[in-house]
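These notes concern the structure reproduced below.
A, B and C are the chain letters, set down in written order, and residue numbers restart from 1 in every chain.
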Amino acid sequence: MLRQPATSTQITHLDRLWLYVLCGLVIVFLIAPTLLVIPMSFSDSRYLSFPPESWSLRWYRAYFGSLEWRDATVVSLQAAFLTTIVATVTGTLAAYGLHLARSGAGRLVQVALTLPMMIPVILLAIGIFLFFAPLELNNSLSGLVLAHTVLALPLVLISVTAGFKSFDMNQEMVARSMGASRPRAFLTVTLPQIRNSVISGALLAFITSLDEVVIGLLIAGGDKATLTRRMFLALRDEIDPTIAAISSLLIVLSIVLLAVSQYFQSEPRD
Amino acid sequence: MTLALDQIATGGTASGANEEALRRQAHGERRSMLALTLPALLLVGFVVLIPIGWLFWLSFVDKSGFTLIHYQRLLHPTYLLTLRTTFELAFTVTVVCLLLGYPLAYLASQLPRRWASLVLLCVLFPFWTSLLVRTYAWLVLLQRRGLVNTWLQKLGIVEEPLRLVHNFTGTAIGMTHIMLPFMVLPLYATMKTISEDYMRAAANLGASPIRAFWQIYVPLSFPGLAAGLIVVFVLSLGFYVTPALLGGGRVMMWAMQIERSTTVYADWGAASAMGVVLLVITLGILWLVSRLTGSAKLGEAR
Amino acid sequence: MATPAEAPAAGGNRSASLPITIERLVKSYGSFKALDDVSLSIRSGEFITLLGPSGSGKTTLLMVLAGFVRPQSGSVRFADREVVLLPPHKRDIGMVFQNYALFPHMTVAGNLAYPLKLRNVPAREIAGRVERALDLIQLSAFGERRIDQLSGGQRQRVALARAVIFEPRILLMDEPLSALDKNLREQMQLEVRRLHDRLGMTTVYVTHDQREALTMSDRIAVINRGRVVQLDRPRELYERPATHFVASFIGESSTLPIEVRDGRASFAGAPLLSAAPTPASSASSFLVLRPEKLRLLADAAPAEANVIAGHVRQNVFQGDSIVTYVRTASDHEIAIRRSLRTDEVLAEVGTAVRVGFSAEDAIIVPADADAPQTGRP
């Protein structure tokens, strides 16, 4: 079986065994550490042994029982949801406008809108902190949402633009020729068909906001502290095992969101 | 064309005038489409361009007006050491990601669809997991009584627990984990476009599998390879979270220095100057690479 | 490039070509038999075409020769050397791929030099040979061009040059002209044949275009469903097809089912006389008529064997000839191709006519298993 050719140039599986082993190790490297957190979070000891010597839910209780952790979670979720809405709407509209414009100025706009991806986050963080201070947007939900939206915008833009590439704009023209106004045609004809890429973009926006650390570190303080900020500070000072419980929940959330996004990407178009 | 000349002779007709108006209307329509991008542009302008611009300005002024002193201070050994550490770490991470990521991307591109999807899922999964969570996972795994040390001792490979965390090594391991998907995905995208016929032709012409790989396959993978290397390197340069947590204060990265100047010392001059330097280096590398890959068109690797 | 083909010499001189012996090749993909016990002897220096429809196995056979497909069983020998287990990069044969597979990251000269570099030819000699190769394909100024700057026809020529620059003794070609437009294709067919004549290597050519095969080949192996159905020179294949499949695949023809009684063959009552031996029974035999071998007989001509009655259904003008479709009483169709003479009067649609042909031109073939029965040309 190993002596069967793996390629048409007659390289056998045996010849490539080292490749399979190496890649297997790399894959383990990629997913094992993250997954290991989940069982470790049920460990009773502070040192989070694996396999856990004794099982307990104490770290989960610590998480759910703590007012500060709960508040931080609420802030993060609120910011994530609002960011998703704002980023998806503005990003989709922008992608739509860019797709229709197709002019030289459009390319410039596209570069401008993907700029946040190219600038190091720490720089954005201190700049926003500086700028928001006099505007009293620091330590506020609206400031956080503004900052996160700008980070999520390029992702929504790229996702929806890809969706437009495989959509035939003639359909919209047909709708308009039948009497629909531009907005109506967009909402009833175009949007349902690029739905998958919009949803992908929205999911990316959500996870980007929820997982965002650096900006939140600087501008989300006080009672508007994000979950990630609290986690970061707790980790920097000492390794609080409660983090394991929170991490496990976040991992499960990631798996769910990844599964949902995969589902929407592979869903056949109508 | 002849029609137009006729019309010039007769002083213009209705169709000539319409042409002008139609063109203007089409142009105007396209322009107005750009208006849809306005909300997004305003956001980016407000949240990105203004703050960055302000930072830029701050780096060149202090109480006495225009000055280069903030940049001059950056020539101090501590800053240079930080810069060196940053580049060392970025370089190390990039090389390790290359060594681990290239084989994985190659294998994924050769596998039948179902297996390839599985491999890609394993690569995407870290992507969707919080950066903080992944860093935390390594923090727990690499500590003295952590899983890695326990197993190494159990297997008899080492006697004393290794110092794997709160140092350069731990930071490098953690960052490699974070950056690997950024190396694999563009590589995979390019590799999928490399037709198997090229390797067959190479073999038929007499190239052994090894020669064919280095002389034909690797050059054809350059676009994805370059993209992966650049993204990983540039991201690593500006990275904050993982070095801050896994470095234990001993690995001072440029981004950490920036954060410190702001939150601890409130030294906006230093922070903004450092930020501008980081930005210039980042954008400089991106620009350089786009020039290199743009002018040396390798032809389509179909 | 190489000097014209030398005869296989005694004394150890390298001959320009090798014979290929293929014995009992079997290649299956699951339950699908791509090659079903194929044997073939290819002579040294000949130009042989593997002709067949898609899925017939012709490309699979070529790939086995190239080393990219391993058969389940069977033997392939280049002269006396068994090569079926030899990896492709050790076979030292030339190959032109259907989509050329020219390396996009190398220039034209780089592509041509590559096989020479692999064989450790000294650099100066490489330069000279590349230059001569470029001359041969009339692309002398194109050495430094990149592949994506070439047209389809130019790429084809570069692919050809790259495959022969190291003087292989066997050349394989996998439908190399299929991407070209008609005029260019016909021009290249002659070019390829001339190149073969000049260099003298054994050439195995795969195509589904029967016209191309007839134009270029010394011999043609007609392949269908993983088997060699007939191996012959082009003329023989055309005039004496062995089966219904070959008859209908090569050239145009009208096929009519025949009955055999008491050792005599007939079609719809009309007696037939064939130069070929009469088959024993009428179970699945066909009469194959080439359109250009048929005549429209005047009514007064004596009626003997090999005359079929019908009426004209359609006349189709095709530039250099006219095709007349005649429908028989038994509702079969016969096509007759005649070149136009200005004074000739066309038989009008609906006229009763009689179609005549000689005994040599009455081709009788057995049906292939599972072959569709049809009377259409």
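A few notes on this one:
Heads up, the rule we're going with is that contacts are C-beta pairs under 8 Å (C-beta built on N, C-alpha and C of every residue); 3 or more make two chains touch, one makes a residue touch a chain.
Listed by chain with UniProt protein names: A = ABC transporter permease.
Note that this is a predicted model, so its numbers are computed, not measured.
The greatest number of inter-chain C-beta pairs in contact is found between A-B.
Ranked by how close its mean Cα position lies to the mean of all protein Cα atoms, the top chain is B.
Measuring from the averaged C-alpha position of subunit A to that of subunit C gives a distance of 58 Å. For the pair subunit B and subunit C, the distance between mean C-alpha positions equals 54 Å. Subunit A and subunit B have Cα centroids separated by 16 Å.
Across the assembly, subunit B contributes 200, 202-203, 209, 212 as residues in contact with two or more other chains. Residues of subunit C in contact with two or more other chains: 67-68, 87-89. Of all residues in subunit A, those touching 2 or more other chains are 8-9, listed in ascending order.
Residues 66-68, 87-89, 91-95, 97, 99, 101-105, 114-115, 118-119, 146-148, 162, 166 of subunit C are the ones that touch subunit B when the two sit in their complex.
Only residues 63, 67-70, 87-89 of subunit C touch subunit A when the two sit together in their complex.
Listing the residues of subunit A that touch subunit B in their complex gives 6-9, 11, 15, 19-20, 22-23, 26-27, 29-31, 33-34, 36-37, 40, 47-50, 89-91, 93-94, 96-98, 100-103, 105-106, 109, 112-113, 115-116, 118-131, 146-147, 149-150, 153, 157, 207, 210-211, 213-214, 217-218, 228, 231-232, 235-236, 239, 243-244, 247, 250-251, 254-255, 257-258, 261-262.
Residue ranges on subunit B touching subunit C, taken from their complex, read 195, 197-198, 200-209, 211-212, 215-216, 219-220, 222, 297-302. Within the complex formed with subunit C, the subunit A residues making contact are 5, 8-10.
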